[in-house]
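Below you'll find a set of structures to go through.
In what follows, chain A forms one complex with chain B and a second complex with chain C.
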Partner chain A sequence: MTKRIIHHPVLDSIEETDTVSFTFDNHKYQALRNDSIAAALLVNGVRTLRHHEESGTPRGIYCNIGHCFECRVTVDGKQGMRACLTPVQEGMAVTSGGKLLTSVRDWRSQNE
Partner chain B sequence: MIICRCEEVTYGQLVETAKKFSCSSRELKLRTRAGMGYCGGRTCRLAVDSIAISSTNRDVSKITLKYQPPIRPISFAKLGDENK
Partner chain C sequence: MNKVIIIGAGPAGLSAAITIAESGHSVLVIDEYMKAGGRLLGQLYKEPNGNWWNGIKESQKLLDKAVDLGVQINLHTPVSNIESINGLWRIYTEDEVYLTSHLLIATGAAETPLPIPGWTLPGVMSVGAAQVMTNVHRVKPGDRGVIIGVNVLSSAIAMELKLADIDVACITLPKMNSVTEKHGNPLDVMNSLLHVSHMAPSTFVKLGSKLMKNDFMKKMGITFYPKNGVKMWDIPIMLRKAVIEIYGDGAVEGVKIATISTAGEIIPGTEENIKADFICIAGGLYPLAELAAVAGCPFYHIEELGGYVPLHNERMETTLPGLYVAGNITGIEGAKVAISQGITAGLAIINSKDGGQQEDKIKEAVNFTEQTRNKAHIQFHPEVKVGKQKLQKYWNEYLISVKNKVHN
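Right, the complex of A and B next:
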């Protein structure tokens, strides 16, 4: 966990001892307790949180304050959770979202 | 440059559409889907408004995109009885 700012001039120093483990798309990662999911994954080098439902382009943190829902992930089966606001818990299973079928559009492009 | 990330609408598409149809912002939204995505237009509303206003000679400044509840996307479970 070297990407963190351990000693901040204003905020308290972080102790990297109280860790929890969680999974993201079946990969196991370590995080500090009370990290947001987005921060925990960023520290572990994961910047792509999901892919756009229609076009499949990658998405990550955008506003990071809960406005934009760009970082939404599935947490323990619950859809639409914002990774930037959800604190990571021990044993949490996080999954990203992927491209969905566009059957109607595909059909129209071939038949119209 | 993408303005509406939820629906992947670019600045170019918005300006082109606004010029072509001399749009109000609501018309621009309905034609391009900008501001109709998951976040409810919270991220790009002002940009869509200002593109519409600056791309046409009509006075459309009084027809901005509206604000309406719920102020955040919310699950039906939360509106109902589920406490989780």
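Right, the complex of A and C next:
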């Protein structure tokens, strides 16, 4: 299980007291205030943030600093938010994305 | 409009902001991340003098100084476009369009991904992602990781993961293909590793420094390189094995690796599985320069600087009026070089605004940047100075072409 690093041989210790509750796909989780959504979910053992719009395969963080957009989730109704850049807040409702009904695939035979 | 705008709150952007604010000009720094510091935040290594370079503390120092001087810092603000209209730069963000006569782009670097079968599985991340998760967010990226890609960045971050008590099963190569070629060839990797050997007080260094005097010996080194790797910080570095695929059902469960020939080809029948719950892909860094590209800067591909860089001079001026660049967008180097480039860019901006009274200070800052480069603990490319000379040559050619246009 993925864990919080409270004590570190070089970096300062962190406090685990200021927590917030939020939901991801209607499941309730706790994390530290100002954790990124990605970190808040990872510490709770959640790696899959969405499923690919076309293939439906699971995706998690890749770059963790906003470049790759693999971690996009819906936050309080707003789509396309990057879980790695968005701090988690008390009562926040985060939902993942899934396979879309209309495929954007190129159906020509050479692209099968 | 009189406010100088800086895109990027990393070491280059913040030090430029400090320099400009110290001269009494107002400054706005924009960054899309949730904290100031950029890639500096994750950095953690021991310097030759025994002190730890703690990126979080260094970032905080820069931030505190900037805020004390009245610098405005807007985080959570992605910039989607910039353009110059009637001599003013327009900076487009989701909520607002900012205008300025002097714009500094200090957007830093991004990581090159290495395409490997299975790389979209949750649990596969860039090596920088694992660094930020560990040092900045203080969450373990997993219990046991495998790092694919042997280079300066991955060896530094492997050590940081160990510090946080995270098990790293091994650092190994990606299977060679047309994309991963230079990352998958043991000899190329061995060459590029030699200049990080000072960071590794281990048998690897001794092996390296004795064997690697010439090409023949390098080949011998690869030929006799132990199949199970040489340990650095107790982590096996496997130059004679490559990851064929990352496997797992819905999330990472491990990697399939095989022994490779000295030329990087898979030796059939040597496949084995290594269990892991997270995988780091380390393809190295390249300058993150999209905004300079949409602005219209001419670009040159300079291998020694890590990729395409916008044309600029040593004063950090681009060819476009009022547009400056600093930090890793100008080439992949350490944070200390970025800081001195930020100071130089800041002085060049003040010089432009105040009608040129900073010439001596700019010269001093340019010299200081060179000294910092010479003393750098971590050099991402051993020939970075050659890269800078190439860039200067392109700049000189540009100046001549401008002169010719005026005469015609």
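Going forward, the second predicted complex is superposed on the first by the 98 of 112 C-alpha atoms of A that agree within 3 Å, B and C clash if a C-alpha of one lies under 4 Å from a C-alpha of the other, contacts with A are read in each partner's own complex, and residues count from 1 in each chain.
We adopt the following convention: a residue touches a chain if its C-beta (ideal position, glycine included) is under 8 Å from a C-beta of that chain, and two chains touch if they have at least 3 such contacts.
The structure presented is a predicted model; accordingly, all values stated were derived computationally and were not measured.
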| In the superposed arrangement, does A:I5 touch chain B (first), chain C (second), both or neither? | second
| task | On the superposed three-chain arrangement, identify whether chain B or chain C touches more chain A residues. | result | C
| request: Check whether A:T57 is in contact with chain B, with chain C, with both or with neither, and answer first, second, both or neither. | output: both
| Looking at the overlay, what does A:H67 touch: chain B (first), chain C (second), both, or neither? | both
| request: Could you tell me if A:L85 is touching chain B, chain C, both of them or neither one (first, second, both, neither)? | output: second
| said: In the overlaid three-chain picture, which partner chain does A:I14 touch, first (chain B) or second (chain C), both, or neither? | reply: second
| request: List the residues of chain A that touch chain B in one complex and chain C in the other. | output: 52, 57, 59, 62-63, 67-68, 70
| field | chain A to chain B touching residues, read off their complex | value | 52, 54-55, 57, 59, 62-63, 67-70, 72, 80
| Tell me, which parts of chain A touch chain C in their complex? | 1-6, 8-11, 14, 34-36, 38-39, 42-43, 47-49, 52, 57-68, 70, 84-87
| said: For a test of understanding, state which residues of chain B touch chain A in their complex under the given definition. | reply: 5-6, 8, 38-39, 42-43, 73, 75
| note | In the complex, chain C touches chain A at residues 32-34, 39, 44, 52, 54, 56, 76, 78, 110-111, 113, 120-126, 128-130, 132-135, 137-143, 163-165, 250-251, 288
